[in-house]
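Below you'll find a set of structures to go through.
In the two complexes that follow, chain A is the common piece, with chain B as its partner first and chain C second.
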Partner chain A sequence: MYIAAAPQTRTTSRRHPLAFLASVLRLGGIGVNTRFWISIGLLGAILVFGLLGPIVLGKRDPLRIVGGLYDPPSSKVWLGTDNFGRDVFTQLMYGTRTSLTIGLIAGAVATAIGVVIGTISGFRGGMLEEALMGITNVVITIPSIVILILLSIAIASRSVVVMGLIIGITSWPWTARAVRAQTASLRAREHLDIARLSGAGTLSLILWDIIPYMLSYIFMAFVLQFASGILQEAALSLLGLGPSNTISLGIMLHWSLLWEAVRTGAWWAFFPPTVFLTIIAFALLLLQSSLDEIFNPRLRRK
Partner chain B sequence: MTPFQRYLVTKSAWYLLAFFLAIAANFYLPRLIPGNPVDALVARMAAGGGAEGEALRRIYQHYISEFGLDRPMWEQFLVYLGNLARGDLGTSFSVFPAKVSDLILRALPWTIALQLPAILLGWIIGNALGAIAAYRGGWFDRGAFVSSLFVSSIPYYCLAIMLLYGLAVALPIFPPGGGYSYGRLPTLSWSFFLDALRHYWLPFLSLVLIFIGGQAVGMRSMAIYELNADYVNYARSLGIPDRRIVAYIFRNAMLPQVTGLALSIGSLVGGALITEIVFGYPGIGTLLFSAIRQNDYPLIQGVTLLIVIGILLANYLVDVAYGFIDPRIRAVQAGER
Partner chain C sequence: MRSDARRTDERFAHRLTRRHFVRGILAAGALAAGGLLASCRQGTATPTPATSAQTPAAGPTVIASPGAVTEFPRNETLFVAGFQWGPPTTFNPMTPGTGWPAGDDFQHLYETLFGFNLLTGGLEPQLGQKLEQPDAATMVITLHQGTKWQDGKPLTADDVIFTYELAKEHPEVPYNTFFDYVSKISKVDDRTIRLDLNKERLNPGLVKQFLSTVKILPKHIWEERAKSGQTLTEIVDTEPVGSGPYKLVGFSPERVALQRDDNYWGISVFGTPAPKYIVHPIFKSNDEGNLALEQGRVDISQQFAPKIWEMWEKKNLPVGTWFKQPPYHVPGSIPLLFINVNKKPWDNPTLRRALAYAINYAQIAELAMSRYSITANSSLIIPDGAEKRFYDQVNVDQNGWKYDPQRAIQTLERDLGAKKGSDGIYVLPDGTRLGPFKVECPYGWTDWQTALELVAQSAKDVGIEINTEFPDAPVLFTRIPNGDFELALWFVNGVSPASPWIRFRDVLDSRGVPPVGQQAFWNYNRYNNPAVADLLDRAAASQNEAEQKQLFSELDRIFMKDAPAIPLMYRPLEFYEYNESVWTGFPNADNPVAPPSQGGAGIKILYVIKPKS
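Here is the complex of A and B:
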């Protein structure tokens, strides 16, 4: 259940599955600036909706019951009610917020672990590298959805932070691998010799002479991990293993599937979260692909 | 040892380690659940008034001895390994006393029948589309490319939900889910087959579309990459006819696609769990869904184990095949891995 289908090529199977799609969006034929601003516009709109919506419209409880089973949209409940009679519009605002938060935590955790393991193994080389990359490859082969399912059933009460953490600790290997390759190629640069001559230690070299040179790369890896974190959360929540005592886009879909919203025609219950997930996934991929081109001028076309 | 044998041994060792870790996680993580899951199960059965007194005690004893819950953890692990080796995945909590392996074997054919044709057909159409788009260029390329791209960037369960609503509810062309009509029993009869087929199209379509999209996008960029390769220019300068060159290009562009096919087949079990849930299709995904809802840990463990085995096996076979086909990979085994 990995995000798209299985990785398409041998080369892409060594990269994050979403990296492949993003790299391909580059060839879409639309100018890089257009794509960048479209993605920023879409993401901005979603962010404003999720973060500012509750502030502008006043604090509401997304879990409060305001109506009956699948009340259709009206002037009182703008997007109708869900199976428990809760306001779908309010849920959508808070659900977007939860999904983005989990994606953010997962992305940050995965990127942090990936960068630490990647830089250390790429910089030190030798046995340490073999060992760390061995672990990375083992973790990458064990399907993350399985570990996510098992971890989620083991942790009875899953807060938003815990969800972000468990998704993060199962998705770092992609970043570790890519960062290792980058580090290994940076290791031989001359400015490192100068830094060494002036007595810099390993930590200082990695922090000041390696990481700044691949910051754009790390940021793009983070965008991908962010996107896949949101999709992983949605998949887990759909399976019924989402965060407890809150609402997320995936949890909204979970209830609408369990209570047959699709088959009873209650489109307001399932359509908004479906569209939001699609827009978020698409916008993040678009952002990643345009950033790729902005940071790597060689990829640009005339 | 020849390099290939050394490569094989190293690869096998890593995969065995991955397999062992996956089994250990499969064993250990559900045991972290606070309290004894069997106590909770028996309490629930007693509350439901389904079984009482003597019967309840027997069920309790059954699980305690099956999991070896009265013994230390390492012994429980050995019991678990021993059961696995005999193909015994334990007894389901929610459908007591059905064996987990029987439940899985009942659901698995549905999943395979749904996904295998979808993967194969999607692969063939997608690759043909991608190759033609790369070769023809122009409006065909742009049209095929943009639509493939759009489809493959939609999360697959979102597409499934939209299709179900669009083609079964808003426009009732297809039955709205299930593997067969309500009230029917799976039998090996012609009428059952036709009925199942009617329910088959929509989930099949949702999977095929995603596969076509992904494969077309991949094949197109591989083919374009190959079209610009040095050997193509060289062949052109030698005056080799276009048709031969195209054959070379597609042979080279195919290799990663074949790998992709093998890996998709390996991840078949876990690849579209939510599609089945959306359509209420009686496969592994729906089984897992109800197992999670009813805290049926043995059943959840059985499904996750099956997913792991499929994926590890496919990856392993692909790695071995690559080592066999491509001498460069044997040589750099210490590099990437």
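Here is the complex of A and C:
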């Protein structure tokens, strides 16, 4: 309650024991909205479930067969078993972990590529910009799912890292374009002239005078890329092109579709992974939009 | 001709491919026990031309053949599912992947001489009334009285001989190796045909397989086509004239519709089939078809439906299968895990046997096959149905393997001297790590994919690392016959008049098998054992069941000793599932008046069912 009321306490000069915490939560006084906390709460819960779950409940092999074909939930298998007789609850824990890892790698890779291409072309301009944006525009027109499928087929053994990379290197173009636009507008700022006068090189200018000024933007782009990476993984896995020898939320859905979980009424095989994917994507989008509001004063609600 | 994979497809996207490919390959290869040359003539792994061009039914129109029927009263119509997966384009029985029911051994439209009964292993009268074998190398076939075509013309010995003799001039026909086994087909009189078998390659079982799979064609229609120089398989035939009890009255991308021919010649012999219409709705996916069966919109289906018992146990629906208890279906084929015996370290039979001991077959039957299989034995003979008479349990117990992970570990450690690495995977004395190996089957063949996942899991438990991979079917249909694989789940011939002989040939016979890199029609892993050939030839020619059994046991011992392949499970030739909401009296194990199949002798089902009201 106190946290939610944080913006109102801004004007009071009364020293409260929690004042320090409050000031931290206010993120430097710009205010924190409810949506931010909902999204953080959801993500935190998912992270705890995926990362700490296996530690708390003991290490289990998600690929171990413990029951029969679509056994219903019971005290032994809390969410029943899948078509392989594997524990759905355990799979959900490890699958969430895999999906988050892939999303994280994909998001990081896509953001990194996008930022590099975007800043260079935006900052340098001219022919280089034309060339880089030309490539970006070409890539943006190719539906990334097609490239994803082709890449996934071409690579025989797909580890979690490889999956993340594949998704990352197909989803950077829009980040590149957005970052280029931001860079182009930052390029004309006065502090860059000062930096130039002090003899800073291109790399230094980009690293110290451009990127820090759009860090908030890059972070939001990363959050979006993270969310789309998780969904892309689910889409690929659903087609049977997911990571090998592991479990992910998409792979769970893949098998439940192949084995007609919907028709046979085995809701536990397809419902939990669907809910998890929805929650993760929802929480990340919520986080992104609330961050947008925090970073961009014009959007802030009064 | 019959393969496990032939009719039992589970998944939507690749189902068409599976059927086309399997049919194409088997039509050319498996039946073609005769030499490589014959097989190569049409051993092509590309989809059939008939499905590509000139499709009269490409649009969503029901064809307007004379008297096209669009209304199907529910209590006069039998709805079937599971045989036709794409828009039908032709009903030419020669074309691989032709529209249902022109292909396979369905008797609705075109008929074969005899119908195969997968329960007894015998041939039942169809066009032929009786089959006599005055001596080992002669067969005399007598046609039923009054056989005629749907256009009213009589069907005589001339039509039969014409049909078979097409194999001489037309290498594209599916039975192009017929004359490798039959030296002469001759007319005794209008109703009698005599076959002189090739004494050099005496194989009455295989000849019977031809007799139960080759559709007899009307000479007065096909003679012209045969002379025109066209490739017979490419002829698009949308107004087929057959001799069977049903006429094609309409087809579209949504369904194929048949209407009973009330002038059918067989009415005086077999009676009148109950349904006036038979409609095969064409579903996009398995769940769609299974849901239709569950809701009574389909009366008889051959789709893989997981946990079908819940339909009557939990939902109290009037649904049934052959057996009311597991395995619910009659086993008809054995998907085999082929091991490439020419790739190190799999060239060592001891290692292959170690893997065989490591696999949990009961788990595969329970999970991958949804209990539709009994636990696989280490034999190439199916222990039920037509092949039961040849199955030797003692032999299997003494020489075979079963799931025994301890034994697998012992074999690895003691017999092979392998040491377990820190990662839990064994390493052979020569430094070869047991894995990662690659095991493959086509994507979308759900039960197979699941079985391989379970194999990988079982192998990991004892210390062999196997990774699964599921390429698209066309890729494997090239690579596996070429011998380009490490481990692969693949099909061989199912139960037929020629089995289990033909299955032993498929797995053990190295004759007629080209080197790696060229397409083989059997023995995909190029297993070679000089002791096999003589045993196979004797088993093929033998007329004595006891002697055959002994020869098959001998071959089975070789198979179990060398383990070039591992049987993982059994599949029925056709899944047989019925819903009695509209039609009742479907045969089952308690009422075995007809075999559980819609082709061959299973046509009899249509004569024993009755409308409910």
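Operating definition for what follows: the second predicted complex is superposed on the first by the 270 of 302 C-alpha atoms of A that agree within 3 Å, B and C clash if a C-alpha of one lies under 4 Å from a C-alpha of the other, contacts with A are read in each partner's own complex, and residues count from 1 in each chain.
Simple rule for what comes next: contacts are C-beta pairs under 8 Å (C-beta built on N, C-alpha and C of every residue); 3 or more make two chains touch, one makes a residue touch a chain.
The structure displayed is predicted, hence computed values, not measured ones.
K.L.:
With the two structures laid over each other on chain A, which partner does A:69 touch: chain B (first), chain C (second), both, or neither?
P.N.:
second
K.L.:
Classify the contacts of A:262 with the two partner chains as first (chain B alone), second (chain C alone), both, or neither.
P.N.:
After superposing on A, A:262 lies in contact with both chain B and chain C.
K.L.:
Once chain A of both complexes is superposed, is A:240 in touch with chain B (first), chain C (second), both, or neither?
P.N.:
Both partners.
K.L.:
State whether A:84 touches chain B only (first), chain C only (second), both chains, or neither.
P.N.:
So A:84 only meets chain C here.
K.L.:
So, does A:277 touch the first partner chain B, the second partner chain C, both, or neither?
P.N.:
A:277: touches chain B, not chain C.
K.L.:
Regarding the shared-chain residue A:216, is it in contact with chain B (first), chain C (second), both, or neither?
P.N.:
In the superposition, A:216 contacts neither chain B nor chain C.
K.L.:
Who touches more of chain A, chain B or chain C?
P.N.:
The larger set of chain A residues in touch belongs to B.
K.L.:
Share the list of chain A residues that count as touching for chain B in one structure and for chain C in the other.
P.N.:
153, 156, 240, 262-263, 265
K.L.:
What part of chain C is in contact with chain A in the complex they form?
P.N.:
10-11, 286-287, 290-291, 294, 305-307, 310, 363, 366-367, 370-371, 436, 438, 443-444, 446, 449-450, 453-454, 456-457, 467-471
K.L.:
Would you tell me which residues of chain A are touching chain C in their complex?
P.N.:
63-65, 68-70, 83-85, 153, 156-157, 240, 244-245, 258-260, 262-265
K.L.:
Which of the residues in chain B come into contact with chain A in the complex?
P.N.:
14-15, 17-18, 21-22, 25-26, 29-34, 122, 142, 145-146, 149, 152-158, 161-162, 164-165, 168-170, 176-177, 210-211, 214-215, 217-218, 221-222, 224, 255-257, 259-260, 263-264, 266-267, 270-274, 277-278, 288-289, 292-293, 295, 297, 300-301, 304, 307-308, 311-312, 315, 318, 322, 334, 336-337
K.L.:
Show me the residue ranges of chain A that touch chain B in the complex, using the header's touch definition.
P.N.:
Checking each residue of chain A against chain B gives 1-14, 20-21, 23-25, 27-29, 130, 133-134, 137-138, 141-143, 145-147, 149-151, 153-156, 231, 234-235, 238-241, 253, 257, 262-263, 265, 267, 270-271, 274-275, 277-278, 281-282, 285.
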